[in-house]
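Heads up, the thing below is written out as structure tokens.
Order of writing sets the labels: A, B, C, D, E, F, G, H, I, J, K and L. Residues in every chain begin at 1.
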Amino acid sequence: MSDQTYAITHVVGTSADGIDTAIRNGVAAASKSVRNLDWFEVDEIRGYLADGQVKHFQVTLKVGFRYEG
Amino acid sequence: MSDQTYAITHVVGTSADGIDTAIRNGVAAASKSVRNLDWFEVDEIRGYLADGQVKHFQVTLKVGFRYEG
Amino acid sequence: MSDQTYAITHVVGTSADGIDTAIRNGVAAASKSVRNLDWFEVDEIRGYLADGQVKHFQVTLKVGFRYEG
Amino acid sequence: MSDQTYAITHVVGTSADGIDTAIRNGVAAASKSVRNLDWFEVDEIRGYLADGQVKHFQVTLKVGFRYEG
Amino acid sequence: MSDQTYAITHVVGTSADGIDTAIRNGVAAASKSVRNLDWFEVDEIRGYLADGQVKHFQVTLKVGFRYEG
Amino acid sequence: MSDQTYAITHVVGTSADGIDTAIRNGVAAASKSVRNLDWFEVDEIRGYLADGQVKHFQVTLKVGFRYEG
Amino acid sequence: MSDQTYAITHVVGTSADGIDTAIRNGVAAASKSVRNLDWFEVDEIRGYLADGQVKHFQVTLKVGFRYEG
Amino acid sequence: MSDQTYAITHVVGTSADGIDTAIRNGVAAASKSVRNLDWFEVDEIRGYLADGQVKHFQVTLKVGFRYEG
Amino acid sequence: MSDQTYAITHVVGTSADGIDTAIRNGVAAASKSVRNLDWFEVDEIRGYLADGQVKHFQVTLKVGFRYEG
Amino acid sequence: MSDQTYAITHVVGTSADGIDTAIRNGVAAASKSVRNLDWFEVDEIRGYLADGQVKHFQVTLKVGFRYEG
Amino acid sequence: MSDQTYAITHVVGTSADGIDTAIRNGVAAASKSVRNLDWFEVDEIRGYLADGQVKHFQVTLKVGFRYEG
Amino acid sequence: MSDQTYAITHVVGTSADGIDTAIRNGVAAASKSVRNLDWFEVDEIRGYLADGQVKHFQVTLKVGFRYEG
């Protein structure tokens, strides 16, 4: 059995609802262009503010996926 | 058009409910003393425990705002 | 009055629901083997993906507790 | 002679010209609200892009100043 | 209105002139293969030396862009 | 009962005597302009040298305090 | 002569044999989809365990390559 | 001769006197539950404040010890 | 199906042979006191020198294991 | 062909003009005491302020050079 | 007036008494081989333990000095 | 008995064979110019690639040695 290799793509998911949804949105976007998603790591949690309130949570993710071939 | 400058204030928002609410509470407190809030970054997520359970989530934030003048 | 000492244990709480629940699950597991839990810090937020979706959030925690004796 | 104390304020200077000017702009803004500026440190260098080009350099600075009193 | 997602690509811009030009060169190269560039962050500033002088400044950048689709 | 919010100020305490006194001096200076000080964290320990000896220890502190209001 | 630009891709090489082979496997996988590989950096060394033993070493790499065009 | 293995435990020593005593108190507490202590590293220096003064220095330590067996 | 929880223990494996063997030795030592080992991460690679040569490689590891119960 | 070895020296270049010149000045100073300079990395960008303006940019550099012998 | 350049040397001062004395000892040792010492920064605080007690505090320092020439 | 002082030198060992040999080569080079080598720490693991393969592993080391005098 051969040794498996993975690659990592970097996305920023956003959501007005909260951090969990921002992560799910980022993963969903990554899944449109890459197959075999395997894990994620949170790199940074930020957000935009307006009128003294959180308008969007922004979560920077590393998303790992298995190489096919 | 002049170049815009920003300043950053540091707050710790807390909540018994969860991280998203702790962030919103920290931003709300910052908005009472500073105008033109523009973005936030999460620096640290901590919390107090009692009776083997989470009593408060505490999120340390950098909150950026535009200088007026 | 004597100076209090604390120790820190490291756990990874997981949840399909989100980060807050993963933290609560990690704290609950720590509370089964250690008494006098006092605080936690989030070290890392990761998760497993399958079918292009988040299956489990995994939050690595430092959990501090008071030494008895 | 008494021991001197300093405080640190955090600003983001911006410029379309480059990093040096962004730093000078951030320091100039800080000097309007705080006296006795003594040193700065660069925390982060970022910028906004549009039309495939750098529109603004943004430099986050810690600016140290001497306490009077 | 849907939540916007971003991706991040990593480039190293180089220049014999200085850091600002190295950043602009890196962004220009990224703009040839990716559309909708939105921001950059400097990760690392390095350079090659020869004859006791700087021959090239090398700036490692994270370049963020909006997902289309 | 409402959720408590904290803010963080950044000071550099100095002392010819040592690190502990530099911290106490930094906290004392912060207490002149801010009430309800709650905790501190050491960010950096530095110092000035002259004649091959330590002239001043300088300790950069984050000082947390409770918001009133 | 124009200034050279580089891009960085992120891969995870794995091997049951050890870290050096995991690195070589990650580089070999990257070389299948990208030409002109120029350097690598190790970001993280991890591994999976089973039966109290190392089953796979996993090395996360940044792999730099020259832009053609 | 076999290769020696070490383990690391994490404690927080506290003291109203200063950092050195907080470290010694943390080591003393660790020595009650673990034998063959070999080294320590300081991870974090913090403290609690009350009435505008340092009440307790808190030093987070990694404490290394030799495995017996 | 319940959410799985993990704990992390910290060990230093040593070897005169090299880094891979130091890791394997650290994992073997951890497996004597903890069951269900699942993954490791390398925190630090160091070593002792004598007579101008490497005598021991020392690798500090985080070792994760599943909680039973 | 033998494996090449490098050493790293640490210098702080300063300039009233800007960061690029501060780097060039630091490299020039290093080249007076060390031959075969090969690369540099920026560790820290700081500066002194007076009269509310930047007086000197200070850039801390790692400078790598080839061992002869 | 020419721009001043500095170099940085790295030493580990030790003391059975405490951190302040370990720093002073490290600076004193550096002053025997280098002139014009200007500042120090603490990089790491560690120590050796024996009989469940601190035997030596070890403080790793960056020591900056002005280039003559 | 006096308190021992150490200094740290920074070298980059290289090898086509692997990381362990690169470390040994770096230490061997350091031992030609400095006596009483005591320990090393790995700072960075990198390497050069050509033809889609690893040509040289490069390991940046801190090498500690005892001051004589």
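Structural remarks
Throughout what follows, a residue touches a chain if its C-beta (ideal position, glycine included) is under 8 Å from a C-beta of that chain, and two chains touch if they have at least 3 such contacts.
Being a predicted model, the structure only gives us computed values, none of them experimental.
Path length between chain B and chain H in the touching-chain graph (shortest route): 2. In the Cα superposition of chain I onto chain L, the rotation angle, rounded to steps of 5, is 120 degrees. Look at where the CA atoms of chain H average out and do the same for chain J: the two points lie 37 Å apart. Between the CA-based centres of chain B and chain F the separation comes to 21 Å, rounded to the whole angstrom.
The multi-chain contact residues of chain E, meaning those touching 2 or more other chains, are 9-10, 19.
You'll find the chains touch as A-B, A-C, A-E, A-G, B-C, B-D, B-F, C-H, C-I, D-E, D-F, D-J, E-G, E-J, F-H, F-K, G-I, G-L, H-I, H-K, I-L, J-K, J-L, K-L. On the chain C side of its complex with chain B, the touching residues are 19-20, 23-24, 27-28, 30-31, 37-42, 63. Per the touch definition, chain J reaches chain L in the complex via residues 3-10, 62, 64, 67, 69. Considering their complex, residues 17-19, 44-50, 52-54, 57 of chain D touch chain E. Considering their complex, residues 9-16, 21-22, 25-26, 29, 32, 56, 58, 60 of chain D touch chain B.
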